[in-house]
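Same chain, two partners: subunit A is paired with subunit B first, then with subunit C.
Our next item is the complex of A and B:
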């Protein structure tokens, strides 16, 4: 048969898929004739900047093809050998026992039978479930669509996500400048142009955009940083790891001890206040609470404790003279602070009291006139010119979800009668002890006040949960203190566990029944590149082009795998709810309904879109740039296309999302709701970490480990099933036939432990033990380890034993369960002490 | 027509390994074979860490003969995110080097 070409989408960009005889023979970035691409032009400093006529995929996108060779794919429904729904269930053997292949009929009967049994006996609230982030792409087939519609139809107990990639911004920065509708990240519109025209220096603080790539935008923004470097814009990198962007841009590197970033920021504020180097007019007009803040920094409050550079030197290890020099240069130049915004997945915001650091980031820029030309908070990964007014649904917004959108006759996702909630970070505790309470509603994107809601589980009139429906992903390598997930899975309180996924992630083999799902290359769907909608509206500005793709079924599902929508439809049928679930629609009917609800249906017919496979939304000829927060700095009404901003277009359009509408050095939202919280006080405080360089545990465990987001996988996705990536020695390293996860260690620490480059080492503390391969490098300072917190593989030496040494690099096993602070329910993987020793020693001894 | 080569401006190479993976994809190399391999060179001198990346074409690099006959650029060049690779006549590429420090030229075939 002749070769056929299909279009599809990945979380690393749009692709063309070449298929011969039912097999994928190659995958390339979406092939579009060059004449169809009309790149924008930015004029700055007498130069014209324009992106290449091509789409830049993330590296895993180039390796997508590997995912269709059967490495690690789940091909058939499976049942744990010692699980009998009508007899012994043996929950204690989860993670230990083998599996047998069963038929789809048997699998579906068991799953639907359990749903029915539990709902009849305890009600829908006895069922819980949760999804991963982004193992597939699409609207019809991905989590918030079919999963949400199905689970809410059962009146299940949802598990709220924590904003795991940018905790401090969500729980802290929102109280300084709002943007709660972006979970604490500021708008990024047209900041590329602003930087090229106006910025003189960029301070990258806990941010490695060349690695995190604006999340889903592939490597579209890499060329922007080439331009910034060519222009000779000075760069500074504050990060305990000499990160990849620092290596590429060759900036000045300042490595603070993990957990000391807030002290460093306060010392900078101290220099500005004492040397009169801040924008007084802006502070007077656009902010409130500065006096309280000033007193805290200068030690007029806080028992006379002054936040000098010398103090910050003692905390961070950065010499006071360097802190002063940085502060002075920052104030003298138009400086962009690159510390977040789809790129903020560094370590500082995911650390004990990370709220205070994120608040300081906003307040430092407020002292320099945030929003004025060249003075921004900009991740360097978003802010290309684009038509942001043409609407196309994203999977994370209500209009893009088959359970909430108006295209559904019955909005099942909105009709869940169960009000009880669980929280991802404390799920194991909730299951094992049968009770739990937590602050906030997970992603608090509606109002600031959502953060002050206290949730109690079990909720009155509801059942505790007895069934767990796990969909995609592998938390062993990404959540906190993850040995507790092993214990949770083995608890008899969980009567039934299903795992539905395409690959064996780290949790699959804890399930009673495993259901094989196919990927979005094996079914029909549609989606826009990078634009997930919801709390990151207009994410397409991370790309150089707005690309909508008809995700075409390229090959038949591998093995017996099925599309998620089909699996849920088959289950609904067995529960007598098929009509209710599907409304008579198949996957393609939904796809077409979504398409027709979008603005692009005016420009291209469904038939043409379906056939051609893509549509590119052009940048308007007369594009008007509206740089993020410029309106605020200039006292105008919000003029950006930030649709989440509920004040936009109202009489409060000149205000930010805070209580006062201004930037708050002293947070009114905290003063009014939690005035006595000394862990997230009204004015940001430096609070020493409960697990850091100066804490007691440091005597025993002398290495601080940080675990930012990974460079060559997407969270856990693509790790462990794409051999081409496993071969990149920065991702995994082969030794004696096993692909090990790297840990980076300074030569001084390595020598003290008799470790050389390439040794297998054990990282351990009281919570866990993990094997990694040592990479001895000056890229981390002495006392600090770096390893990406995203292994997809969990390979305990003693399967099923909580606390067993893991061979596969799930460094998160070592992290603490403790949250950012009492009322800020974020995770803290970068407040972690451990020790390291050579593994061979132990094996031979 | 003279010999062809690959010009790499390693001042701007970010070590993203895309050229490496794009080459494997183009040539369908199984695990263990590379047409080009990105090297990380870490220098710890002058009181400063300095990191450079340098992709090195291997024995298997055929300069993408199948692509270049059709006027297409080699796969690694096309997909380089930093636009820091060029393909062309060696005599032309040498001229680029006149003006640009931190560059190398490979003539693998």
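Our next item is the complex of A and C:
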């Protein structure tokens, strides 16, 4: 049979899938005839910059075929051998016991039977569930569609997301400049052009865009950084890790101790204030509260404590002279602050009191005229020219979800009667103790005031949760203090656990029933590259082209796996709710309805789109650039396509999202709601970490470990399921037949512990123990370890025993449960102390 | 007639490994007779990235160097013993015949670049074919270059003066090198910017240690040579000399008006961070 080519999408870009004799033989970046691509041109400094006529996938996307193959796929429905829904359930054996293959009929009967039993006895609130992030791509089949529609139909208790990866920006930066509708990250429109035309220096602060890639935009922006380097723009990298972007751009490296970034930022502000190096006109007109801030920095308040470069040197290890030099150059040049791959993100915001660092990032740029030409907060991964007015649904926005969109006759996701909520980071505590409280609404993207809501579980009139429906994911590698997830799963308070996934994630074998889902290569769907929508509006500007793909079923699902929509339809049928759930639609019906609700239906027919497999939205011939925050700096009404900005188009269109509408050195939202919170004070403070270089635990555990996002996988996706990645020695390293997770250690620390490159080492503290393979390198300074917090494999030496040493590199077993601060519910994986010792020593001794 | 090759711009390679994975995708499980048999599921790296970390402290650099079959004009893998099994096509591509080379493990060891791998199961030596099956099928690119996000891998016709690859070789002629050219292999694969040792450090003034010194003069001279290279410290007080010869003694002199100069000799057995040079006030 001749080779067929199908189109599909990954979380790192669009692909062409080549199929022969019912097998996927190879996968390439989406193949589009060159003449169909009309790249934009930016003219700057007498040069013309234009992207290649090709799409640049994220690295693991090139291994999609290998990930799809059956090595680690869930192929059949499974039941834990000692789970009997009508007898002994043995929850204490979750994580220990084996599984037995069962039929789909039996599996569906057990799951629907449990749903019915619990709903009848306790109501829908006794059921909870949550999805993974981005293991698949598509509107019809991916999480917020079928899962949300089904679970809300049951009136389940939702688990609110943690804004993880940008916690400090969400809980902190929003109180300085708004952008709560972007969860604290700044708009990035047209900042590539601004940088090429105007920027003279880029300070990358806790940011490795070559690795984190604007999240879903593959490597589209890699060429932009080549241009910036060739242009000779000076770069500085503030990061405890000599990251890949630093390596590529060959900039100056300043490695602060983890957790000291806020001190460093305050010392820069000190230099600017004392040497008169800031934009006083901007500060006077565009900001409020500067005087309070000035007093804090200069020690006129705060008991006379002055935030000098010498003080910051003691905190960070960066010489005071370097801090002064950086501050002076920053003020003298048009400087872009690149503090996270989307502008706001970065390891430094995922530490104790990480809110304060993120607030300081905004305030530093405010002192230099944020929004003026060349003076931006820009991650270097977003901001390409694009048509941002043509609308196509993204899976994270209501109009892109089958339970909320107008294309649904019954908006089931909006009709959930249960008002009770749980929070992802404290789910184990809530389950095990039966009570929990937390601040905020998870993603507080509607108003700043959402952050001040106090949630109490269980909510009056609701049941505690007794069933956990887990869909995809491997939280053992990514959440904090993850031994508590093992304990949670073994709690008898959880009467029933389902795990529905395509692959065996690290949580799969804690379930009672495992249901095999197929990937988006095995079903029909549609989606736009990178554009998830919701609180990340217009994410397509991280790509050089807007690409909408008809995700075509390439082959039959492996084994007995089924599409998520089909699984939920079968369950709904057993619950007598099939018609309600489906409205008579199959997956293709939904796909076509979504397509026809979009703006591109005016430009291409469904039939043609379905056949061709993609549509590229062209950049308008007369494209008009509207750089992010330029409007604010120039006192104009917001002119960017930032559709989440609720003031846009109103009489307040010149304002930011803060209470005052200005940048707030002293935050009015905090003054009015939590004036006495000394962990997130009205003016940002430096507060020493509860676990850091100067904390008591440092006597016992002398290494600070940081756990950024990974380079060769995405969250936990691709790792463990994609053996090809195991041959990249920067991802995993083979030794004695096992693929170990690397930890980077400075030669001084390695020598002191008698460790050499390639040794298996144990990382340990009071919370956990993990084995890694040592990579001895100058890329981390003495006293600091680096290991990606994203292992998809959890492989404890004693299966099912909380606290057991893990062989597979789940370094988050070591991190603390403590949140950013009392009222800021974000995680803190980069405030972690541990020790390291050679594992062979222990094995032999 | 075209003559195909790849230019590797090391200065642009970020070590993303897309090429490595795309190569696996093309060849694992896929036979392309008569030019290649399927690559085994693991162990082969027809294109691999060598990570080179140099320097110490905060003065470090990390480079990635893609290494694959160099498609030599004088390939060492072709000998009088195996001329039937290994051949160079008129378009410059060197092919190991997957049928005729069965059992010929000696071919693996003949390659000075370590670019040939032994397939245990099929008992054949295997390597990069420059995606010849795609080119013969009318495609204009090869898998590794197709997916390179920065243009670090450029594929094309070396004989076509108008090709991107030829223009690049002209534009960066002073930086173009062949790998192990001393062996006489004459590779068709060319490298731009193969990393060389650097010497870096910082100049500090003894009585102004709270500030960095910008504009201090630092000179470098290879011992026994007359040529002097002069740089000035940047706003961090840092200086750097790149692209130096290996295993050479260099004399460095740091000067600033009103201060006693410091002179020291450094040997480039590797890149060197000479640290802080504190100039005493006169």
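Definition applied: the second predicted complex is superposed on the first by the 841 of 845 C-alpha atoms of A that agree within 3 Å, B and C clash if a C-alpha of one lies under 4 Å from a C-alpha of the other, contacts with A are read in each partner's own complex, and residues count from 1 in each chain.
By definition in this document, a contact is a pair of C-beta atoms (placed from the backbone, for glycine too) under 8 Å apart; a residue touches a chain by one contact, two chains touch by 3 or more.
Because the structure is a prediction, the values reported are computed rather than measured.
Superposition model on subunit A: subunit B and subunit C are shown in a clashing arrangement. In the superposition on chain A, A:380 contacts neither subunit B nor subunit C. By the touch criterion defined above, A:640 reaches neither subunit B nor subunit C.
Which of subunit B and subunit C touches more residues of subunit A is settled by the count: it is C.
Touch criterion not met for A:355: it reaches neither subunit B nor subunit C. In the overlay built on the shared chain, the residue A:254 is in contact with subunit C alone; subunit B does not reach it.
When the two complexes are overlaid on their common chain A, residue A:778 makes contact with subunit B and with subunit C alike. In the superposition on chain A, A:56 makes contact with both subunit B and subunit C.
By the document's definition of touching, of the two partners only subunit C reaches A:321; subunit B does not. Note on the chain A alignment: of 80-88, 188-196, 206-214 or 260-268, the part of subunit C that runs into subunit B is 188-196. Taken together, the two complexes place residues 25-29, 52, 54, 56-57, 59, 62-63, 65, 210, 219, 222-223, 226, 242, 244, 247-248, 250, 253, 712, 723-728, 730, 777-779 of subunit A in contact with subunit B and also with subunit C. The touching residues of subunit A, counted against subunit B in their complex, run 25-29, 52, 54, 56-57, 59, 62-63, 65, 210, 219, 222-223, 226, 229, 242, 244-248, 250, 253, 712, 723-728, 730, 777-779.
Across the complex, subunit A is touched by residues 12, 14-18, 20-22, 24-26, 28-30, 41-43, 45, 51, 53, 55-58, 60-63, 143, 146-147, 149-151, 204, 209-212, 214, 234-238 of subunit C. If you check the complex, the residues on subunit B that touch subunit A are 11-18, 20-22, 24-26, 28, 30-32, 34, 38, 40, 42, 44, 48-53, 78-79, 81-84.
Interface residues of subunit A, counted against subunit C in their complex, comprise 25-29, 52, 54, 56-57, 59-60, 62-63, 65-66, 210, 218-220, 222-223, 226, 242, 244, 247-248, 250, 252-255, 309-310, 320-322, 324-326, 328-329, 711-712, 723-730, 777-779, 781.
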